[in-house]
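Look for chain A in each of the two complexes below; its partner is chain B in the first and chain C in the second.
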Partner chain A sequence: MTNNSINQTDSAPLLEVKNLGVSFFTPRGTVRAVRDASLTVRRGEVVGLVGESGCGKSTVAFSIMGYLPGIVQVDGEILYDGKDLVGMDESELEALRGNRIAMVYQDPQTSLNPTMKIGPQMREVLKTHLDLGKQEIRSRAIELFESVGLASPDTIGERYPHELSGGMQQRVVIALALACEPDLLIMDEPTTGLDVTTEATILDLIVDLKDRVNAGILFVSHNLGVIARVADRVTVMYASQTVEDADVRNIFNSPQHPYTAGLLSCVPKPANELGITPRLKSIPGSVFEARLEAGNECLFAPRCPIAHDQCTQNAPEISDADGHQVRCFFPDEVTSDIWGELKPRRDFESEDDAVVIEANDLNVRYRSRQGKKYILFGDEAQPPVRAVVDASFKVTKSRTLGIVGESGSGKSTTARALIGLTQKSSGSMLLNGDELETDSANRSDDQRADLRMVFQNPTASLNPKLPIKHAITRSLKLFGNFDNQGAYDEARALLEAVGLNPDYIERIPSELSGGEQQRVALASAFAANPKAILADEAVSALDVSVQAQVLNLLLRNQQENETSFVFISHDLGVVRYVSDDIMVMYAGHVAEQGPADAVLSSPSHPYTEALLSAAPEPDPDATPSIIRLDGAVPTMRERFTGCFFADRCHRKIDQRCDEIEPPAQSVNSSNHIIRCHIPIDQLVSQS
Partner chain B sequence: MLRFLLVRFSLIFITLAVVSLAIFGVTEVLPGDVAEAILGKSRTPGALETLREQMGLDRPAWQRYVEWIFGVLQGDLGNSLVQDRPVTEILGSRLQNSLVLAVTAFLISVPSAILVGVWAGVRQGSNADHTVSVISLVAISLPEFVTGFILIVIFSSTLGWLPSSSLVMPGTSPLARPVILIMPIATMTAVLFGYVMRMTRANVIEALNTNYVRTAILKGLPRWQVIWRHAVPNAMLPTIAVISINVGWMLGGLIIVESVFAYPGLGLSLINAVNRRDLPMLQAISLLIAATYAISNLLADLAYAWLNPRIRISS
Partner chain C sequence: MIQNTSAARSSFAQISKVINPLTSAFKTPAGRIGLPLVLLHVLLAAFGSFLAPYSPTDFSDATYVKPFTSAVDGAIPHILGTDQFGRDVFSRLLSGARSIILISGIGSILGVALGTAIGMTSGYLGGKADEIIMRIADGLMSFPSLLLALLVLSVSDSLVWLDGISSTFATRKESILVIGTMAIVHAPRVARVLRSATLTIKTQEYVDSARLRGESAYYIIFKEILPNALPVLAVEGSVRFSYAILLASSLGFLGLGVEPPSPDWGAMISDSRSILTRAPWVPLAPAAAVASLVVGVNLLTEGIRDAQKLPTELPE
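After this line comes the complex of A and B, so read on.
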């Protein structure tokens, strides 16, 4: 990534946020969402605002837009072009919003009006802020759609948001923001929730825009890889305060705040030169605790490995050294190993070849729920959807199979078929050599106790009305032969084992943070020592610091109880960190499978290559690779012919890809299998 | 689109057939028949027998039903057993009277309820909002016969401004004396207004909290445009369902309101038909009500599809 914006940035700042404070008055008391935040954005520069969820990043972003619903008190200054936006009246704000300051949101699907065509949604911005004729508005809209890389820009205005993919929707939202050539663009987690391949194309667009439009961009994200890809400068927030502010390279290479250093060490990285994957370091505790009380102390002190007495007696102010600002008394003590020694990922390798989970030619078909459109007349039923096609895999004792792929690739369906929530259509599934019945109701208690599942969303998986002890003791009593008291004691021990205070046992889920809830879900899955656990995006909703804790917890449990894992994630970095074997799925098909190292290195399936290429590295100097996939995973139906990946493949060769199912090729007759028409020796990475 | 309508109309037809069969079945099962009702207490077994023969009641039930339904298919709803006149002739003016009442009440309550609902929704939590909420809750909670009697007590008995009963001379239109319509319409409007207004208010509040309304605000659009172009169309989606359910309910309310004010509409005819076991009359009125209900549902679905592109039927 080139950084040629330095020469443009010595002008006066476009946006200056000075000591911003935002308090929400809620029935349960005052919440200080932002205590002390300061940042600047200059024209032509991208400032990344990073921090865990709950740190107040989005509140800062929405304060700049003057959009804080509810009863709010705002202190400090937000200077845009010298004018203070705090306390500005609504009509002045209306004139700026969408015109001089525009915003791009997380979750584009809900940010567009579902009942309005794209065209009118664009035209109303132009009509409100610009003095243009009908024809000019029309052509300007087409121009804008074209500038964000939307295919067929002249007809897209006739479509409704739900007719577009997530990536296209976000391009529309970006086009809306660019409509009046704003001075300042605020992007709030614009790629969060998009598939990694879509994220890569949107990030390319933003990097490209940065050079084309003469605007300053404030880019809010919790994802350090994304920040490294787009930002020129980075501001780090922790628990309602900005704690560090510097050039992107200084932040990533020599962080001066222990929190920044901690965040960086929580991100899974590839194996080092010796082939050893370093164990993730994690930041103990969570930001959740630091949000309410505010004594005269450093807010990060309770989680800081280098906290001194001074840190709990005084609150540090921002200090500046050569443009590198940091809120810490001891920035000189921050080094790469304050968060612990570099250790290998785990200190054992399983020697046991006993197969715990086995699937042979597993197939899952979905019949359309509405086979016919209408009750009496109507179309014939569509052919069934092929959700999983001929998946065969084995997971041996205390090893982990990682499954990766975009949404719609069949990862979750595979896990749901294994656990018995979704009916398989053919093939066999074995647990410890015994056949698993299709329906979980027909399985033996032992099988149900031995195979457990952890879901993505802990808030939705735990009963909100019951104390968390129910979730854990129920499994213990069902599967573990515990009486009431025994189950209660064991549940406390399990909570402690997953790093939670055992006294939490009487709390209801809403009194825990997301990371704590997920650990409760894990404790419940660990109850009665299952042989295998299926983890479906179990860490995807967690912040990196908590994610690192949970991943290490999984590895420790695996070591202590010889558990086997099927670990499903869209995040290649995370899968790479935990897995011994990896299976790459696309549209229900297994594109590639084999030992983790072999799958993640060359030769690889073009889809694996594209996935690897799309994942943003938390390194501002990393060369972004160029393989990009447009569109989304198609729905595969019966009667489909050819290669499942042909539609989006960047290495498609000839007719064969459209007509013939690709063969399963074995690399050097090992168990590393690639399903592709291209000969193995030509599947070496091209980037 | 054409096929959708075709399918829906055939479904309505089937619904009506089932309704007619059910009503026929129920009148057969219930003790007593029209002959007993006409002759009253002074009947002799012989007279009863003769009357039944005259009316064709001695034939098997299925035969009478099949005859009746063939008549209906040819547009002939049969004769009233009690009055011995064509049902259509009797019901024509009654239907007109009821329509005057129902349509006026609908046209007054729905638009005003939507307007007030939006108005209260965008002022959520204000005193105006609370006042409107309380009034609408009262309107919903009181049954029509209570609302009707309260109106009669106030405006007829006490103030003497309006006539307490809404009798219409046979052969004249109620529109000739509009003053008699005021209280029945007000009674019917009250409840419908309450439901629709509360639903609109709740949905507007929900729509105002969505991300796309946030997008609209942060586009810098003027407030009226945010409300009327972004919030209200989306808020109307669930409201339409409530309106269509309430139309069915309104027909039930019609019967009560007509009794309270002695207004000669379908409702009074229905009650008489039930009391006298006048099957052709009963069938005709029930089919009318069922058809109105089914068609209002169809209209609601069409309006819903018009407002919601996601479920629009691809042609």
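After this line comes the complex of A and C, so read on.
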């Protein structure tokens, strides 16, 4: 730390990327992963690099580290402390990496050596880069573990990575990156793989570190909420170019590039003052491909609502006005409604209260196979896991039940049990009043046709070797009595209905983008007009602009065909946007359920409260709530007593929480139910 | 009209799906050597006997003629010389290609087909059925393949029911037995590999989707899973083919191949090994033929394997 005394904002930039270009030469042609990227990071500043997938964010991060695979050409300058890293020889780079520049990757599991204890891994880093004695290394390691908020820092070194939760692993990775007090920290989607409550604590840590270590941080993320929480400045990338660069408040409050404005209007927001949830806008089309050669044009013009003739004839350069840099000819025309007027989420409310899906005391147990490896011998080593416990809910006609919770909360298992892919162990499930068999194979064709499912990962839910028409036409033939030609024509119509070119019908999935693939999955779920659709994390793998398109498609289908939905997501914002009713699950238990407005407002279950407070809002001025949960979702086994949430609860009251199962309390004797020992009137939010 | 073109498209898609592993293998260095080598052998098997300049079986007085020389002035030169009975080695080599390629080819195709069906069904069904099928496969695999073949061949005389089959195909009983043995020896090994491929593929969501549509197990295995197991199948088929060639030539070497004096590469090596020092070209030519075929097949396998691993994704 040399220039602590200098005022941070005036100090010379620590890192300056100027007109960076990165091209990969592959057997299938040249890929221009980065065409023109410029950004600046100063000491004590977090710069957020944001954009959709395929825009080149990670390539920028990796080229700063000099980690680029294959045959690659790098143009432009990467100035670190005034020295150009491009073309610097390997030994000089080696001295900088780890020592002065450190990186934190997305997946902590692959960053840590699974065969080594945490302590030796840390000591190895310290030994390589610093000239310290054995005792000093030991105490320095403990100091570092303490600085990233790891519990019991003096003993954690004795543990293996797999003994730590995902959040703790990421803290260890951050501690390793901080080991040599780097000047520049590059974080590539460091919270993307984590649960939202864990993400919140890691973001707190990063904000806290920024003040403590006086390093510059480049924070790469696709999540605008996360960026709003941690960043001081934001650089927006689109199609391998940086398109906007400004102070975080300017970016979020008065974006000057139409792409930035579009991204912001794709993110689900809470209801406005009038109680109306605004309909999401979406950016049509898809990102300009890195394989293509760019002409003399604005790369965003084909998707831009305010494109002029000039935009397709000249390529805009970055222009600077009071530190707000933007790559657009017409930044003054960018307003909040260029992406469409404000409309309510949907223009109908269902009055029909016919119950479509009903579950009563649904239970799912997973038996562990541990200790019973052979067919005939051995007992089960551990009691069964309680994946879903006494879940009861109803979904009425053309309404949506949202199920929200972190990973391991049992929400996907609930859906899989409903659809018949996972065996329920007790309870009943009804569709239109008729009992549903446990196994999908034993249900009638009508029941299978009426209850469909959309999976999370479109790449996995479409057969990669078969044309996309396959899944759609098979559904039509099996459920809709279509002949070959009829199914083919109807499949084209369905593709058109989900906004895809019907001529794509013979393509295989890999020829489509992720968003297009998910629309095909939707088209096949919509085939033969089902009564109800289960959507299991159906938009989680998608970029925000595509996510908005898919969510609006679901709502439109609901309006046109009176479909009921069970919508499962870990993203509270998305669930809030689509749901009429919400069920909050934790470790297999339903913590809280009821009408969406009631669940999302006070009084609420302590877990709901924590989830709400952890969800990152795309607003830099939002005051971060202080409720934080430690640890991770536990696995509930048989013979468990007490409240399912007691371990992590910030409002645990007394002995009852550890010994007695919490009662289901009804709020004002309505259908808003909270399972907690704390009396309803005390569950009113204190903040 | 639309129907026709779409039907034509899909049958074209079917064919290209099958040859795709081969064409993509040709783009790798190993495949570029292996594929032509294997194709050359297959062409020899098909047309070799028509190209042979001399009779492969007739004895003559011109014994031990050196390679590339003629026995009589003006006659066609013996490219690979003649053996101790004055037979043209090159002609024998050309004529012998058919039996080894046919026997090992049919044997490995049958073994792969059987193994694929068993392995995929076993993997898809899972549970106890899978457990039982795989234990039987383990049992079969513990038999050394050559010993099993010898055992079967030693009792061939008593297998009267085979006479009908062998006369239908106008072939010897022994050839059918060798083919059958190859199928039985290879099936469990193929089954094991295809089973593990199926276990990975069946957890994919598109298989769940197919189950939710109410598709039958048969449909899911062959229509949804098989196309995705094709690369594995191609590698495994190729590996099995090279083992089958070695088994066939070993049996020929032990005198259990085709009926003498019909040429057989294994038998040619065996018959002439005593004259290795006097006329080394006579045993070395068939040895080189077997070796080049096996090397070719192995290179092709390597090529298919490499082609599947070609980097297709780049960092964002």
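General observations
The criterion applied here is as follows: the second predicted complex is superposed on the first by the 665 of 687 C-alpha atoms of A that agree within 3 Å, B and C clash if a C-alpha of one lies under 4 Å from a C-alpha of the other, contacts with A are read in each partner's own complex, and residues count from 1 in each chain.
By our rule, contacts are C-beta pairs under 8 Å (C-beta built on N, C-alpha and C of every residue); 3 or more make two chains touch, one makes a residue touch a chain.
The shown structure was predicted, so the numbers you read here are calculated from the model rather than taken from an experiment.
Annotation for the three-chain superposition on chain A: chain B and chain C fit side by side. With both structures placed on the common chain, the touch criterion links A:T115 to chain B but leaves chain C unconnected. Of the two partner chains, chain B is the only one that A:E124 touches; chain C does not reach it.
Between chain B and chain C, an angle of 30 degrees opens at the CA centre of chain A in the superposed model, to the nearest 10. Residue contacts after overlaying the shared chain place A:M103 against chain B, while chain C stays out of touching range. Judged by the touch definition given at the top, the superposed model places A:A95 against chain B, while chain C stays out of reach. Judged by the number of chain A residues each one touches, C leads among chain B and chain C. Contacts of A:L176 after superposition on the shared chain: chain B is touched, whereas chain C is not.
For the pair chain B and chain C, the minimum alpha-carbon spacing after aligning on chain A is 7 Å.
Common to the chain B-facing and chain C-facing surfaces of chain A are residues 69, 375. Across the interface of their complex, chain A is touched by residues 3, 6, 9-10, 13, 17, 128, 131, 204-206, 208-215, 223-224, 227-228, 230, 310-311, 314-316 of chain C.
Every residue of chain B that touches chain A in the complex is listed here, in rising order: 3-4, 6-7, 10-11, 209-212, 214-223, 225, 229-230, 233-234, 237, 307-310. The part of chain A that touches chain B in the complex is made up of residues 65, 67, 69, 90, 93-99, 102-103, 105, 107, 110-117, 124-125, 128-129, 160, 162, 173, 176, 374-378. Across the interface of their complex, chain C is touched by residues 24, 26-27, 31, 33, 53-59, 62, 68-70, 375, 419-421, 440-441, 443, 445, 448, 452-453, 455-457, 460-467, 471, 474-475, 478-479, 484-485, 488, 506, 524 of chain A.
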